[in-house]
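Written below as structure tokens is the structure these notes are about.
A, B and C are the chain letters, set down in written order, and residue numbers restart from 1 in every chain.
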Amino acid sequence: MALRTTGLKRILAAATVALLAACGSGGSGGTSSDGTVTLEFAQWWGAELPAGDFDKIISDFTAQNPTIKVKLLSAPYASTKQQLVTGAASKTLPDVVGLDGAWVSDFAKQGAIADLSKLMTEAGYNPGELASQVQIGGKTYMIPVVNFVYPLFVNKDLLAKAGVKDVPATRTQFLDAAKKISAAGGDVKGWALPLDTAVPNGVQNDVMSWLWASGGSMLQDGKPNLTSAPVKSTVEYVKSLNDAGVIAPGSLTMKEQDKVEKFTTGQVGMVIDSLAHINLIKKNNPKLDFTVAALPAEDGFTGKRGIPYASWGIGVSNSTEHKAEAFKLVQYLMSKATNAQLSTIANGFPGNKTAEPDFSKSDPLFKAAFDIYQQGYPANEFVGLPKSEDLMRSFDEQLQLVLTGKATVDDALAKSQESWASVIE
Amino acid sequence: MTTVKTRRTLAKAGVLTGLVLGGLFAGLPVLWMLSTSFKSNGEVFRNPPKLITESFSLDAYREILGNGAQLRFFLNSYIVAGAVTVLTLLVAVLAGYAFSRFNFPLQRTINAVIVSVQAVPPITLVIPYFGLVVALGLYNTYPGLILTHMVFTLPYAIIMTTAYLNTLPRELDESVKVDGGNSWTALWRILVPISVPGLIAVGVYTFMISWNEYLFALTLTRTDDMRTVPIGIQLLMGQHSYEWNQMMAMSILGSVPVLVLFLLFQRRFIGGLTAGAVKA
Amino acid sequence: MTSLMASKTAAPVEQPPPPRRTMARRLVPYGYLSPTIVLIVVLMVIPIVMVISYSFRDNVIVQENSVFAGLANYTKVLTDPDFLAALQNTAVFISVSTVAHLLLGLAFAMMLNTQLLSGVTKAVFRIVYILPWLFTIAVIAVIWRLLLDPAGVVNYVLHTLGLIQEGVNWLGDPGKALWVVTFINIWSGYPFFMISLLAGLQGIPADLYEAAAVDGANPLRRFLHVTLPQLRPVILSMAVLDLIWTSQQFALIWMTTGGGPLNTTEMLSTYTYKQAFSEYEFATASAAAVIVLLLTMILAFFYVRQQRER
């Protein structure tokens, strides 16, 4: 027993040593004695790019700006927003932050991110090259660096097997193709609709996209307009797809990643998906023969088609002491050459409209998608809206009621309109 | 005599069947995890599913073990979980002793408070807690994480040590006091050695809670040199897709230390130490 | 170690005068509790007090100017149908989980404690049975999602065995989701009970069983009259803990169903998370948290009371 106590004491001593030795490790951004500024840049981009590529882009920045060092911080994508809110609350947000357009309104309201318009003026920067800026109240808070569009992906083998000659271009053709693919047998379905409420992006990418593809809008003068005819026809169309049994099972809890997997393994014939997945799909299933196309519009619609998109956006922390240096990094990433390079390796479209991504080494599908992009217009009305995730979720919940037959389309839209109106003032 | 023997064989068969069925229930998902770690990402969702696929490879393991950042995650998890286990056991034994052997004012209140503090949903606690940790200068440090995990595991540990100590009769304490010892010696000379199986159970579980904890580990660390294994696993869940094989490989690798701990100490679970000893 | 028998039969000794350290004596238990108290007060009580204060204010955290709001947040939460649904789902979730954990844990512990099989067999099965414990909850959620996918392994096996005709929508069906999620939680949590009970079983002296056997008790009666009473403190403690912990379970729900479909798996934890990080209503989230705390304190109170009756 005495021995046991000694053993315990030894362990305790070791633990204390470990504790003391580890005290105070982990640094943070700041200015060191020789005047070098270290910026912390929190993003999830590096993990999505080929190994080492993003580091190289950043080290080129340091080469051009010897007094500024950049420390890349990464966090799991699913927890990014929550970590940013937490960091903002105690003013420990990293100097430069990667943002999603859907978060901007709330972070700006929280006072977490800085007014970039002001920084642009101070730096004498001309925002003319920027394809878009996300503004709240006339001030820019986020600049989209790379845009990922969501065209329609079509499995050509399944289409051919179903006896459909052309890629559908109207809603009627799409419904028809989906029916034929589902009827061809083997547990295959025509379409996948991810309506997971934890991350309700499906409302943006897979539902509202139909609305935007026919030039429709869910807002009017900035206020929600969900009971309008175009929105109603969109929801009714999705319901018709569901009633026809062409949607892959598990829709109500399906996540975006599942949708991609099912398309890759040939279980679903057509999905609306991010261009960024092209290389992923090819890597996981090299034998898959697929193509991209514009999202089908309402029959007879001849106008420009909106194409949904998500961006890698960038913002500057409002509590950083190095705003000028932080903006230099932003400028660098938006510069013509760097932006083009970043877009090419990310398989996205540049946020700098003068930058030309290099399609020579990439998949011909990218060029096809770029053409579609330029023929239409980028459409994502959720960007810049307050509590956009909450808006998507309340709409999602009503849509689920419609799809399970527990509510009519009119009721669902009326309820959603009510929820949205209380959020968007 | 034959009936007794047959009954015994039947009983043995019954228990064995039960064990096997239970084993399938417990083990199949883990088997699938293992199988996924050997697949290529494209094969994970294949229909119909297969246990062993054509592109069976150890690549995922090679990538994890060859990645300096990931290895650092393992090291951090070891340090934090190990320190938490030792310190929590120590503090919990002391507290459990107080609750089990003494009567003092506010005893019930303090006990209730300790049990209740773990009732607050961690997600609401995160922001004020984070502010506190930053104010104390413990952000992105080992002690910050260790103390945090201790606070989470202490209520459980105290409840369990109290329970285990309660099963030991007071005569044991008296026997030491008659010999001239005080409460301290009674605790460490008699009670703790007898409670060893229970304490090991508490220790193993404490290690596991700390090892697998995600939310506060993520919030209280900033840089890769401080992060732990659960964060490493979630980092593999990207915006667009998951690195399934690496995720599973890392989970399997992450389960090894706990398994080893269990193997090392499980002999103490087996009877002999307490059965019949000292008790009248 | 002195023999108890010897001390009992020794002649009564004159009592020495009581030590004059009565004050110090009274402080001894507090001394044992001091590290715990310091840690918990500093690191837990302070943030909890802050959460409670948030629940009485508005415009918290995400805005600079918070104002006193009285009981407004509590009214908002208690009249929110989503909260009431979450309360109901959580109640079902935790009670079914805890009971199943107990039964399964006890059954497995007893099987693993049997005298009928060799030590090696038992050791092997012990390892198999603690496997669910070894993995972080995010991975458990993700792997079960994979297994339960309509085109996944579980459906495949059931289909091959002829038990189902077509793929069952386990997690996406409003009628099934809650039970499926409960099942996954049962799978991931029973080892806790099993190990604690196994340790408890070791502590039951063999002579108690022998005495009962001599009295003519069969295995069932021995179980009911020896095993269960001996394990009672351990079982009660674990039940309380499990109920509390299961009510906090967030990641499992979030990563499998996110509270859906149609709010059938919405728990207090997911409700609070959505309030905090989706609606940015930290005051409401704090109010919900305080309500959960109060409900749990009732449980804690019963636990503490039964501790006294020893």
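Just so we're on the same page, a contact is a pair of C-beta atoms (placed from the backbone, for glycine too) under 8 Å apart; a residue touches a chain by one contact, two chains touch by 3 or more.
Only a predicted model underlies this, so the values are computations on that prediction, with no experimental measurement involved.
**Q** Looking only at which chains touch which, which shape fits best: line, ring, star, complete or other?
**A** Chain contacts: complete, every pair touches.
**Q** Go through B-C and A-B and name the pair with more C-beta contacts between its chains.
**A** B-C
**Q** Please tell me the distance, in whole Å, between the geometric centres of chain A and chain B computed from their C-alpha atoms.
**A** That pair's centroid distance is 37 Å.
**Q** Can you give the whole-Å distance between the Cα centres of chain B and chain C?
**A** Spacing between the chain centres: roughly 14 Å.
**Q** Can you tell me which residues of chain C touch two or more of the remaining chains?
**A** 61, 149, 151, 277, in rising order.
**Q** Indicate the residues of chain B shared as contacts by at least two other chains.
**A** Those would be 44-45, 47, 90, 127, 234, 237, 242.
**Q** Which residues does chain A have that touch at least 2 chains other than itself?
**A** 85, 89, 187, 262, 267
**Q** If we count contacts the way the header does, which residues on chain B are in touch with chain A in the complex?
**A** Touch residues, chain B against chain A: 40-42, 44-47, 79, 82-83, 86-87, 90, 126-127, 130-131, 134, 137, 139-143, 146, 188-189, 192-193, 218-219, 221-226, 231, 234-235, 237-242.
**Q** Within the complex, which stretch of chain C touches chain B?
**A** It comes out as residues 1-2, 4-5, 7, 26, 28-30, 32-33, 35-37, 39-40, 43-48, 50-51, 54, 61, 107-108, 111-112, 114, 116-117, 119, 121, 123, 125-140, 142-144, 146-147, 149, 151-153, 156, 187, 192, 195-196, 198-200, 202-207, 230, 233-234, 237-238, 240-241, 244-245, 247-248, 250-251, 268-269, 272-273, 276-277, 282, 285-286, 288-289, 292-293, 295-297, 300-301, 303-305, 307-308, 310.
**Q** Which residues of chain B touch chain C once you look at their complex with the stated criterion?
**A** On the chain B side, the touching residues are 8, 11-12, 15-16, 18-19, 22-23, 25-27, 29-30, 32-33, 36, 44-45, 47-49, 90-92, 94-95, 97-99, 102, 104, 107-108, 110-125, 127-129, 132, 147-148, 150-151, 154-156, 158-160, 162-164, 166-167, 171, 174-175, 178-179, 183, 190, 197-198, 200-201, 204-205, 208, 211-212, 214-215, 229-230, 233-234, 237, 242, 247-248, 251, 254-255, 258-259, 262-263, 266, 269-271, 273-276, 278-280.
**Q** In their complex, what parts of chain A are in touch with chain B?
**A** So the residues of chain A in touch with chain B come to 1, 4-5, 8, 11-12, 15, 18-19, 22-28, 44, 47-48, 71, 73-79, 83, 85-86, 89-90, 92, 187, 256-257, 260-262, 264-265, 267, 274, 276-277, 280, 283-285.
**Q** Which positions of chain A touch chain C when the two form their complex?
**A** Touch list, chain A to chain C: 81-82, 85, 89, 106, 109-111, 187, 195-199, 248-254, 258, 262, 267, 387, 389-390, 393, 397, 400-401, 404, 406.
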